[in-house]
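Consider the two complexes below, in which subunit A is the common component and subunit B and subunit C are the respective partners.
Right after this comes the complex of A and B.
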């Protein structure tokens, strides 16, 4: 590839290009401003730049000739990539709002914080739009490396440093396991193309007993790496400690952007397995495997969340449970399934950010994220409480929120698959699908209990002594930015159009 | 070539196993260096001499030296100097030395007479081919890797810097 050819190819990755330039710009800016202005200056520059990247991500996919700009089949411009880019950049922009509001990182230079968030999003963007396993792994590692440092950003606090160290060790092992699987894959098939990945695995599967075992093993090893990112049981052990120890804006970032990127990677690698025309692997059925993982993940997350006393830890288990709900979408082979997954991810972004926004403000004022510290705060910050309440009932899946619509789509999908299997005469499989839907509904009922524990503490419990609680304009504005879409996303047609366009 | 490949692979696995089971950091590093040399030998037998050379220069050379520097910086004072002398007793060198000797014998074999033998890879991938691949189909991955390093640098800078005020 000559230099001029590379310049032409760069036109295909404008959002990523903007992010890369922004990383350098924000570090440069941080050298010029005094420490007390560091947060505002770097935060605003990053927010503006990320918004520009988001604009490109919206406009670019429709441009003619984009299909040719692939850097020699290294990146792809398909619809899933376009959708996830928008989702991730939206998440990144929101993360900078969090940075501007949270007082937890004050006292440190914020240029590095912004650069690391931007680096993580850049890695995530390439992760979801790569068509080559080398780029896939480099993107994943960039996302991970930045997340490790972000988790330990408050380097003088024990919990934060501990979170970072745990994250590095778990993450390193998960990456290693996945790379081990990928090296088998490359050794046996001789291809690094992600597009050919599923086909190559199926060809391996048809090649005799030992190859069949290899195909199953490769799939499971890759799943370990991606399962770590989305906090799927049994790769979830890192999640509660890191969510609790990391600064709250970072926790929100990990819960939404890192998890969203993980789901993007999963869809990218395995989506052919969910097409109706793809034959099943002989060793196990991929949709059934995902069904079992989904039930275990959501049940574990919800049951353990009940006993948590710290809101960030509780939201960590809740985010494990939500990974379980999302995995339900992977059990059905149809475009509708993709639509349900993408819609749920979009809703998840707003309701999770909304809940974390209120936690950020409460932690600013109270200095603690335990449920006990939140007692009696509803009366002093009614608007924030209302926003949190909306997000919590949306996380539970109660109408009229968008969370209800998201869960309804997922459960309807699974029930529909069950009815189809019943009509086709496959009774055990039909029963399995009905069981999945039932497990989902029961789990939502369990989650209502622990989400309402937070709300109850804020409204009914009396606080001991004076709580320094209140709310100002920016607290309210931010809460509204996340809570209003949580209420009304269902009726917002551009988003629905985008999702239908992606899933078609 | 096949025999040499498997022999090097066994040495690599054994040395890595010994490296992670040592309780003494310096001993572990010694085995790590042997393991990296064995991996370089594996790469050589697979027809990637350039990658093998990089493995030795960068990993067995620069990175192991960095590790040794860190170990030295963490242990300071006369008491530790005496202890450090005790680390590298002659008996400590026997096993790594033997493993390295085997690797050296392999290298002599390969350089002296094996390239024409049956089982050698069809063509060795030289530096030019590696360069063409890096700036051809992998151009974007290379750029992304450089940003990964930049992110690592920024992270290290944040964790290592002294606080202002």
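Right after this comes the complex of A and C.
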């Protein structure tokens, strides 16, 4: 292999290349500047570098035909990869805004924090653009290992250290289970290509009863590993403790980027099942399986969230519920389903970051993230409250926010599938789809209660002091950056164009 | 059942009987000793001293971990050295990048005091947040 060949290969991975160089640069910078400047210096450098990577991801979204050239066809350049790279890098840039604002990590080495976030995003980018199971696992582990350290970043605080330990144990088991499934897959099919994955599974499925069982086992074991990343019931147990114990910027990162990468991985593995030509597996129907998982996940998340007293923990259960809504999109095998999932993920990024941004600012001021501590803060910080309120009604799915549009697309998709099945004469399946839509709507109603509990505590409950909190410009600007798209994303056609382009 | 399955069953039974047989037969036929040193842990024939439950400095694990990491990375460099001529200048450049990253990591560890054994003399780069910086 010559220099020019290597350079040609690297053209496909410019964003990842920028991130890799940035990791070295940011820890180098951290050594040079004094500790008190470390947060601003490292945060700004990482923000600038991630924005550059984002730019590369935008101008070179995908290069069809380059697959065979990039690292022995291990990295693919299809549209799903391009979309998720943009989504993940957007999330990473936002994470550095959180770092610059939050006081929770002050006193710790900020260069390490930036390098860990960048490492996690690097892993996530390779995860969503891999077409090789080895790269898939390496990407997933890079993301996971960085996340474990980030969860325990405040290593002198009990909750954070506990969160990290729990995360690493659950995560290790989940990865192990998934690798076990992948080893069966490789042993039985002899291929590592994800492109050929679904075809190989279907071939196994057609190969007699024992092979059929093997195909079902492989799919379930892989689902356990990916389900852990997206916090899907029954692999969600880590989620509340880690979200509560980790520093709030890390929680926001996990809720958006780590979960987004998990959905990217799921789409990558299952995308062949989205083609109408792919026949169903005989042992179980993939759509029906996902439908059941979606209902259980959203119902569990919403019901348990009702009784939470800590905002971060509440948002953890809410993020479980949102994983459930997103899984609804996996019940229909059609490009329009892909469109609904991607749009919801995009909206989810803004509304979740918006909610966490306000939590970060309030935790800076109040030193606590319990709902009781938030009492009466609406009058003291009206702008922040307005931003949080927009994000909360968007998370619930009330118009005129983008969250409504996202949910509407998902529910419309499911109802449409139900009507199609009805027309085709499959009455039980049609009833199942209608049940899914009904469950989604009922769950949104439940979620209204606990999201509004936060708002009610902030508006109607009295607090001791009446002095304004003194929101500064950065507080407001950050809140606006996340809350305004949550309001207006629906009317912003480039995003919809990007999503249509991806799903086509 | 297919013939292959019978072979596997037969083989498993053989393996199991050999393993169990060795333990049972040596238990039945073997001699019994009850001496002073019977219940003591075997330490390469040297008499043991003290308890096994020692406290090690946390530094020990840190240095051990760093050693393992750099040791593993040496494996990559050895494999490159074996195929040096086949890989040519492109391989040389790739190895340079790899070693460059390693050097950056080593410098970082050094600067951050991860390699200092004994009294911590990290002044400005406090690892634990001090009282002034942490509210």
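The criterion applied here is as follows: the second predicted complex is superposed on the first by the 486 of 504 C-alpha atoms of A that agree within 3 Å, B and C clash if a C-alpha of one lies under 4 Å from a C-alpha of the other, contacts with A are read in each partner's own complex, and residues count from 1 in each chain.
Here, a contact is a pair of C-beta atoms (placed from the backbone, for glycine too) under 8 Å apart; a residue touches a chain by one contact, two chains touch by 3 or more.
Since the structure is predicted, the reported quantities are computational estimates derived from the model, not experimental observations.
With both structures placed on the common chain, the touch criterion links A:172 to neither subunit B nor subunit C. After overlaying the two complexes on the shared chain, residue contacts for A:73 are found with subunit B alone; subunit C is out of touch.
Contacts of A:152 after superposition on the shared chain: subunit B is touched, whereas subunit C is not. When the two complexes are overlaid on their common chain A, residue A:208 makes contact with neither subunit B nor subunit C.
In the superposition on chain A, A:382 makes contact with neither subunit B nor subunit C. Of the two partner chains placed by superposition, subunit B and subunit C are both touched by A:6. The partner of subunit A that touches more of its residues, comparing subunit B with subunit C, is B. Legend: residue contacts after superposition of the two complexes on their common chain; A:35 is shown touching both subunit B and subunit C. Once chain A of one complex is fitted onto chain A of the other, the partner contacts of A:109 extend to both subunit B and subunit C. Annotation: subunit A residues 1, 6, 27, 35, 107-109 touch subunit B in one complex and subunit C in the other. Put simply, subunit B touches subunit A in their complex at residues 135-141, 144-145, 147-148, 150-152, 154-155, 157-159, 163-165. Residues 1, 6, 9, 13, 20, 23, 27, 35, 71-75, 107-109, 112-113, 115-116, 119-120, 122-123, 126, 132, 134-135, 138-139, 141-142, 145-146, 148-149, 152-153, 155 of subunit A are the ones that touch subunit B when the two sit in their complex. Those residues of subunit C that touch subunit A in the shared complex are 87-91, 93-94, 101, 104, 107-108, 111-112, 124-130, 133-135. On the side of subunit A, the complex with subunit C involves touching residues 1-3, 5-6, 24, 27-28, 31, 34-36, 103, 106-109, 156.
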